[in-house]
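Pasting in a structure now, in structure tokens, and then I'll have a few things to ask.
Order as written gives the chain letters A, B, C and D; numbering starts at 1 within each chain.
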Amino acid sequence: MKLQKVAVVSKVGSKESEQAAKDVAKKLLAKKIITYTISPIEVEGAKKMEALEELKKENLDLVITLGGDGTTLRVFRNLENETPILTINVGGNRGILAEITIEEIDDAINQIIKDNFFLDKRTRVTASCGGKEFPPALNEIYISRANLTKTAEIEIKFQNDTVKQKMDGVIIATPSGSTGHSFSLGGPILHESLDVLIITPVAPVYRLASMVVPDERIEIICSHDCNIAIDAQVVKTAGFGESIIIKKYKKPAVFVRLKKRGLRQMSKLGF
Amino acid sequence: MKLQKVAVVSKVGSKESEQAAKDVAKKLLAKKIITYTISPIEVEGAKKMEALEELKKENLDLVITLGGDGTTLRVFRNLENETPILTINVGGNRGILAEITIEEIDDAINQIIKDNFFLDKRTRVTASCGGKEFPPALNEIYISRANLTKTAEIEIKFQNDTVKQKMDGVIIATPSGSTGHSFSLGGPILHESLDVLIITPVAPVYRLASMVVPDERIEIICSHDCNIAIDAQVVKTAGFGESIIIKKYKKPAVFVRLKKRGLRQMSKLGF
Amino acid sequence: MKLQKVAVVSKVGSKESEQAAKDVAKKLLAKKIITYTISPIEVEGAKKMEALEELKKENLDLVITLGGDGTTLRVFRNLENETPILTINVGGNRGILAEITIEEIDDAINQIIKDNFFLDKRTRVTASCGGKEFPPALNEIYISRANLTKTAEIEIKFQNDTVKQKMDGVIIATPSGSTGHSFSLGGPILHESLDVLIITPVAPVYRLASMVVPDERIEIICSHDCNIAIDAQVVKTAGFGESIIIKKYKKPAVFVRLKKRGLRQMSKLGF
Amino acid sequence: MKLQKVAVVSKVGSKESEQAAKDVAKKLLAKKIITYTISPIEVEGAKKMEALEELKKENLDLVITLGGDGTTLRVFRNLENETPILTINVGGNRGILAEITIEEIDDAINQIIKDNFFLDKRTRVTASCGGKEFPPALNEIYISRANLTKTAEIEIKFQNDTVKQKMDGVIIATPSGSTGHSFSLGGPILHESLDVLIITPVAPVYRLASMVVPDERIEIICSHDCNIAIDAQVVKTAGFGESIIIKKYKKPAVFVRLKKRGLRQMSKLGF
């Protein structure tokens, strides 16, 4: 892959990953690559973006993230197209989305330039409500009642079927998100390559299993005001009775992979 | 049981149970029983209390509740001592706490006067924080992180053991509450007579089973600000790092039972 | 669809479905359709097969089953190709695989002849061991240790990953089977149309979630002798350490559908 | 505690624990304690029992087990009274029932003689069928259908309640057994001190939660022939329709404890 324009993003508030980001930016600049950093990171010769939102304005060849999974999720949420991300684990987090450690960066850049990599495309999901589409999630959309003292009735519509029950909320997870919040609430592990979504009811009055469905339109209606958490990082709201539409996002998340390792999520399970 | 002073409580905002409460109050008055109603219910000859909080000021022989389980929970929260409750299901709710229907009221009062009943005493649980004890719960105390975008780490201490993990919250349920919120989140069903508590972790990052322990002191510490929901009706708060102490409430909830029916919660399971 | 050759199969040992099968056979014969019955059912003018195994020898246009889901599973196990089945619920079983009741048979045959139907194709799964392939399953293959006093260690290999743990067994279910044995042991509900398989561990020493994977080769190795139950109807065996290969069967199960009803399995959940 | 008569039991077929048993026997003999070994272990000066069954004939002060949890379960099954056991983990097993390692034996014997220990008494459970009582279990009684192709209907009766459903089997576990087979099938973790039993349904057609009940009589009736596994070591059988009675065993299992460690089962959960 020809690397002409690359952005480098570090974990918010982490000195360690900010320093690592500066080092990576310098390496890129030394290879005559147009390099972008995000404020407050500044590197001589690099272009500075004021906020992550600007990522989508540039026609980038690659984004390099330094931090944990939270940083990766945050970047993908701000990428509308298929710009690939190389994820570097910095800061001791588990990082099941990470591909390499900081020590492997030189080799990784060389391998990418030589086309010794593959792209790992993952389904993303997006919610919309009242005609407005919210930013996409790589892992999950978590809809939950806003008021702890009201028992909400949630309607889940898929194709011609409707499931309606009193419950605290519902999670719509992608295969990537199957080891996240959905798993914690009893959902199955899904192979990363599948084109499906998981519907995991949260605290249904009468227990209700997770359902795995094709990645088509899912409609959620909650009898009380609710919160819509996107990858547990951004929270939107919907009013009672408002229709929330969840569907596959138009573009997948794209990871640059240098190693063939099979099911990355398995590490979550101790394998 | 000699019925000298009896209070009648109806479901908030339900015309049907308000009317039923008036009818029951009149029946009691006709038997020369000192009868209390709660505002806005007024019956000629009965004494009116302005709020449920006043229940604890009178030395009542019995409280009669008309409504669903919510009404019963609300009354018990305002009873500090062992005043028994006769629960009447009014209004079509499921009412697993209810003992009789409104048609059975005359017979029920006569049976109670003739001592043809038994008392069903149930463990209650109470939380305290910062030296302040909150009202007791018949079903459960549900501690949950206040902020949907922060992953909370929750420490659960019992006797000499500590369980510490990232999770959304934790439920401490009584046997009565075992078919409620704890069940919805994967907890076991407990026989109503047991002197134990259930600790049900909510959405632990690595799945964690419910734990059943003797009804002793449990300490919960949450790494972020949290909400403390009492029987899903009243919400208190605790700051991050603050110790929340959960323990058996000094006095049980007492139900007047006219029928020997065994495990009432089983109806929840379809039996 | 032109109906030239049709077989009629009834539930084993059920007088009610045997009589219904005879009635259906007569209706088919009256339409000049070559009709097959299975011993002991005999109808004048119909051809009698001695056993279900003979179904695969004839080039049938349709098989009509009368009974519960067990009958349907049994017929599919004996069909190697894509011969469609029309399922009639007879005998009071739940029958989530059933399409019509016996009262609807005349109309159903007319609709089929007029091409007013659609074919619902479902993934099937088959196990092989020691070079021998066992009959296919519509619902699931359940591998379980043969000896109740031996703790078996089971290795599950998929693509490049291996999961290895002490457990009692493992279920490989199709989407159709997701509401069956896999569900009873904690597995998710899968939309019937998906091209995936569910791996549900049975009683793993350390709890292990169900995994949903593409319908590719899965290898199972059990440290002790084990049983291989095919749709809970036929049991084969494998020795300790022997490799059992599970994969999608070459041909799907094909149902004739007259009604568009969405997720048939939902009925299992009470919807 | 005065140690006059002590038996030493090693893991079957383990050279390592047999050698350790011999060493321990010699230490006991050197202290003038009457020492018993079990065939094939022979030590000069010690009395040899031919089989574990003979343990109950002697009025022993202590039994020392060397091996894993299987050895401990086996010994308890052959002890009818409250003879305490000191458990020594030999052979690398997890051994959540073990108290000390072989290196700690000298100190342990001295502490026991000086009364620096406490007794940890655990509820045991026993099944009887057709008037015959089977040996007791420390962990669980697991009743399972004998035939993999028959769907069994199991009736569970407790006090005045009956639960009846199609399922593969049912586990009745003690608190000690709560981290064992019952846990693997979805049951809760129970504090070791509780006087309760857990009823964990195995693969119920419609999911059914574990139930925790007082340690009273439980009756199980299976519609098909079934196996009754006692601590997964001994298997008995019952015919279809036969009543199997499970109840608390008359005498608890007694562990000698030298360390105050709280919930030993927590180690199972990674704490």
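Basically, a contact is a pair of C-beta atoms (placed from the backbone, for glycine too) under 8 Å apart; a residue touches a chain by one contact, two chains touch by 3 or more.
Here is each chain with its UniProt name: A, B, C, D = NAD kinase.
Bear in mind the structure is a predicted one, so any value in this text is a computation, not a measurement.
Farthest chain from chain C (NAD kinase) (centres taken as the mean of C-alpha atoms): B. Superposition on CA atoms relates chain A (NAD kinase) and chain B (NAD kinase) by a rotation of 180 degrees, given as a multiple of 5. One simple way to say how far apart two chains are is to compare their mean CA positions; for chain A (NAD kinase) and chain C (NAD kinase) this gives 38 Å. If each chain is reduced to the centroid of its CA atoms, chain B (NAD kinase) and chain C (NAD kinase) end up 48 Å from each other.
Chain contacts: chain C (NAD kinase) has residues 183, 207, 209 touching two or more partner chains. Per the touch definition, chain D (NAD kinase) reaches chain C (NAD kinase) in the complex via residues 142, 144, 148-149, 151, 167-168, 181, 183-186, 202-205, 207, 227, 229, 232-235. Residues 158-164, 178, 183, 187-191, 193-194, 196, 198, 206, 208-214, 260-263, 266, 269-271 of chain A (NAD kinase) touch chain C (NAD kinase) in their complex.
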